[in-house]
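Below is the structure I would like to discuss, written out as structure tokens.
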Amino acid sequence: MINRFAATVAAEIISNKKVGAYHHIVFEVGEIAAQARPGNFVAISVGGENSSMVLRRAFAIHRSMDRGASGGVVELVVAPHGGGSKWLTGLPVHSKVSLTGPLGTSFGIPTEPVRALLVGGGYGSAPLFGLAEVLKSRGCRVDMVLGASSAGKIYAPIEGKRAVSSLTITTDDGSAGFHGKVSDFLPRIIEENQIEIIYSCGPMGMLEAISQIADAHNLVHQCAVEESMACGIGVCMTCVLPMRGDDGVVRMERSCIKGPVVDGESVIWNTKGSIPEGTWGR
Amino acid sequence: MNFDFSTSLAHAAFKNPIFTASGCAGSGKELAQFFPLHELGAIVTKSIMLKPRSGRATPRMAETPSGMLNSIGLQGPGIDIFLEKDIPWLLDQGANIIVSIAGETVEDYAILAQRLRGVPGISALEVNISCPNVENRGQVFSCDPITAQAAISAVKHNIDSQIPIIAKLSPDVTDIAAIAEVCRTAGADAFALINTLLGMVIDINTMRPKLAGKTGGLSGPAIRPVAVRAIYQVRSRIPDAVILGMGGVTHGRDALELVLAGASGISIGTATFGNPNAAITIKNELEALLIERGFTTFTEAVGYAHREEN
Amino acid sequence: MNFDFSTSLAHAAFKNPIFTASGCAGSGKELAQFFPLHELGAIVTKSIMLKPRSGRATPRMAETPSGMLNSIGLQGPGIDIFLEKDIPWLLDQGANIIVSIAGETVEDYAILAQRLRGVPGISALEVNISCPNVENRGQVFSCDPITAQAAISAVKHNIDSQIPIIAKLSPDVTDIAAIAEVCRTAGADAFALINTLLGMVIDINTMRPKLAGKTGGLSGPAIRPVAVRAIYQVRSRIPDAVILGMGGVTHGRDALELVLAGASGISIGTATFGNPNAAITIKNELEALLIERGFTTFTEAVGYAHREEN
Amino acid sequence: MINRFAATVAAEIISNKKVGAYHHIVFEVGEIAAQARPGNFVAISVGGENSSMVLRRAFAIHRSMDRGASGGVVELVVAPHGGGSKWLTGLPVHSKVSLTGPLGTSFGIPTEPVRALLVGGGYGSAPLFGLAEVLKSRGCRVDMVLGASSAGKIYAPIEGKRAVSSLTITTDDGSAGFHGKVSDFLPRIIEENQIEIIYSCGPMGMLEAISQIADAHNLVHQCAVEESMACGIGVCMTCVLPMRGDDGVVRMERSCIKGPVVDGESVIWNTKGSIPEGTWGR
């Protein structure tokens, strides 16, 4: 079921800073900040009053802070991609945007201290730092691997690293950290650190690769998926992906309310453009 | 203020004229988080088919200037689960319900109507005939007077007589009023105007159609002028036509346009994606606009743009 | 860069594929102030009729979300003055000319073609059959296969054989590819897709249709997904169809979409109203996008979205 | 023929001030300022990059100033009316907009000193002050009448009044100046000041009323008309109005290039919604 704390607010931008290829943007959102959990996302209207862009844009919550009477804030890490995200990253402070959130599922937090590996691709690292803090506070050991096409697309703020025991960086072009894809380095890291659970967020191809590695190592893998979303609240059925339920049946599930955080094992990967055979109602 | 906001579609009454659009409100549960469903005139359910449907592959959507394409392919649980789960839940919420049905064959429509026969708490039936007819090369039912008529007749002969039948038409036809006329002859009590327009977006990077299903349905403000025209045309051709209007309504002023053109009710689709509370805001704005213009009842405004020049 | 940007529509060659859209470039003189007309592939003239026409009453336009409605009603000087004044002036500018014609009867089309016969400097004829047929209750020629065919035949039998005939179709039909097929049989060498969609705006203050002519033609980015779909559909049904595409092209990326769908040339209409230099900007952007994607000739990209999956 | 100096520039807003019901906005436009004549207008793109408003908005040039090397400016007086004008009046300084101009015809300046009456309705007063200065510099006597529905809608900047010998204000509600319509006061003013020519700008109804008065007094009347314009440059044929040509024939003429300033006598007034009988091509 959809996040029961979700609400729509006029959120004021109180900071907007370029960080590498991204913009780190802080929004004053009031009470809903208190409800945000790592993995949740927000949906923002873009383009202003006479915008030709009719749909909201989804962004993972990087961090949220409830400051009691002085109101809550959420922070996002936004890549200027197309019209909507460019508009957003171009807004001056004090601008107000319509923001709906928190939406979707959050990363499951183990009740026992475990050895967790957090893997992020590009801006997919954004929700992982908040997650790392929560895991750390629960006594977990947290290792992190961040990958991107090049150095500028690695988002890893210094303060974010506090909660992390090790941070491995990889880039496709070798401009920072190791040269290669995150998946090339995971098996070794998993083994060396005796990882018990993997959390990931990033492009679908990366999540799929991690799922295979998690499978091979018999690890739980919670990943935040990213499908094109029209509504973000479960009413439009555009954002579906095939997932196997507890009953073994594969259904086209809405990634905005069954996700974005899902169990990597339950996803039928690499089916873009087709419905897997045996899917319910196919 | 003593403004009467109630409306009716044939013999079904509603406390206000703002409804959800089929396929744009999930099962109702998702929207109920944002406002109580009974605040709307009615919830129009996603078109339900006989069997469970996985729908089309993804990507299923593409944003377009002031609109969007979708190709959901009528994903849904099928009529059995729908009747068992969705209807009772909606009734529990105190919502007024219009059930939308869709078939792949004329017989499907007949069976769906039978299944809905006697189900308590259904205000009206919206018959989505803007979907492909598998018996006729996938041509859309409402694009051909003969199949449009057949689908509506099949429903008419199988549903309780007190349930109004609303024929939902596609704008992708040469003469929408002519299709409305045959549907009326076949037993339609009202018309839902309009369904989406067939469109396509090509991804300039992959250089292929963006949607897995290639084409999709165009909705949103971009199509509003087509919706207003369709409503106005049908109302001109059939002066006593009862119309549930939809197509790009995002603000109260848009709803007013459709009402003046001839709509007795307004369904809100794509606007909800941009703003979960859109239907409620539109309801309030429409009421204020009507009062501002001196109307004392909603129904006075219906089709007001057709009045004689003075 | 050794990129070949030239294109052709049947047996007419153009140095680049960006043209003006009929009715959106005045007589040419007005645009010539902003750029030399010979920089475009061709100037498509406003549809010319036999006699002078005052056009419709005002208001003639209404802006809509990402689009506009117009109801000009084919205002123009008539073929005689057009041939005497506009054509020589355009030739003087070194412009490539596509003449657009429109008739009220099948005979009009025949006479117009006769008048254009032998006129030097005309690259192609665009036959606007998306206009009302006075002999048939004002139904638009291209909305009926019989009248569409008749109008095209009339032109075919009266124009020089070396002048390609481009049939301009309305998207307001149930099956645009079927209309294209009959036009081809009747002698059309190419298709212009699409003309405007029929739409209406109601003024919420006067509470009447905003345009004096009530309905108008919807153009601009709002209709681009319909244009892409129409072009793709016609190209799928008639794989060797030659298409001049138009509908909401505002940026190079939009033009690319239409080209990938199957257009060998692109006409720029409404975008010019928003930016007098739009056609030139689009031309430059399209060229850059094609080069970026590794095409070495423009024609390789035409219909590229139809290629087999690999 | 269309204004041959017209060009499209990225114009920077260097001042934007609310004045009564209007905004006085100053744009840095470079060389085209030097070409602007009283009566010309500009056409501005509205709503930013992803705007759903595809057409330019037309505004009469209030004043223009060529400052040589430091570039030219044009000033507009903008009423926040619908989406486009509200967007424009809401822009902060340093914003840039795409501006095409100068467009259209300008007020004809008599070669001899004459006694001129300038009549403005609402923001229609905007172009009249620049005109008054030109007329004054040519030795004309300039009287001015400005009308509006209420006081806030009278635009009459103090510096603008320098060139004017008398200024009469009328409002429909009597909240400023005389109570009534400008046309109620014109006959008296014409007679008292022995007016020889009338220049006007404002709503079409007002222009029509003035035309009748000018006719009755046998005066030349140059008025700036305002029709819905899609292109502003003569290519779309939406902005037409019926005008009688020198040959006596009535044609549907484009108000963007035959106007906005036209000879009041040549306009066939009050034909909205119909084409006058006898119009060429009817």
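Order as written gives the chain letters A, B, C and D; numbering starts at 1 within each chain.
By definition in this document, a residue touches a chain if its C-beta (ideal position, glycine included) is under 8 Å from a C-beta of that chain, and two chains touch if they have at least 3 such contacts.
Nothing here was measured: the structure is a model prediction, and the numbers come from that model.
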item	value
Chain whose Cα centroid lies at the greatest distance from that of chain C	A
Approximate Å spacing (C-alpha centroids) for the pair chain A, chain C	46
Centre-of-Cα separation between chain C and chain B, whole angstrom	34
Euclidean distance of C-alpha centroids - chain A vs chain B, Å	35
Multi-partner residues of chain A (at least 2 other chains)	52-53
Residues within chain C bordering two or more other chains	65-67, 220-221
Contact graph of the chains (line, ring, star, complete, other)	complete
Chain C residues touching chain B - in the complex, by the definition given at the top	64-67, 69, 143-144, 172-175, 197-202, 204, 207-209, 214-216, 218, 220-226, 228-229, 232, 248, 253, 256-257, 260-261, 289, 293, 304-305, 307
Complex contact set, residues of chain A against chain B	1-2, 4, 6, 8, 45, 52-56, 98, 100, 227-228, 230-241, 251-252, 257, 271-275, 279-282
Interface residues, chain B side, partner chain A - complex	23-26, 29-31, 33-34, 46, 51-63, 65-68, 70, 72, 75-78, 212, 220-221, 250, 270-277
Contacting residues of chain B [partner chain D, same complex]	65-66, 221
Interface residues, chain A side, partner chain D - complex	46-53, 83-84, 87
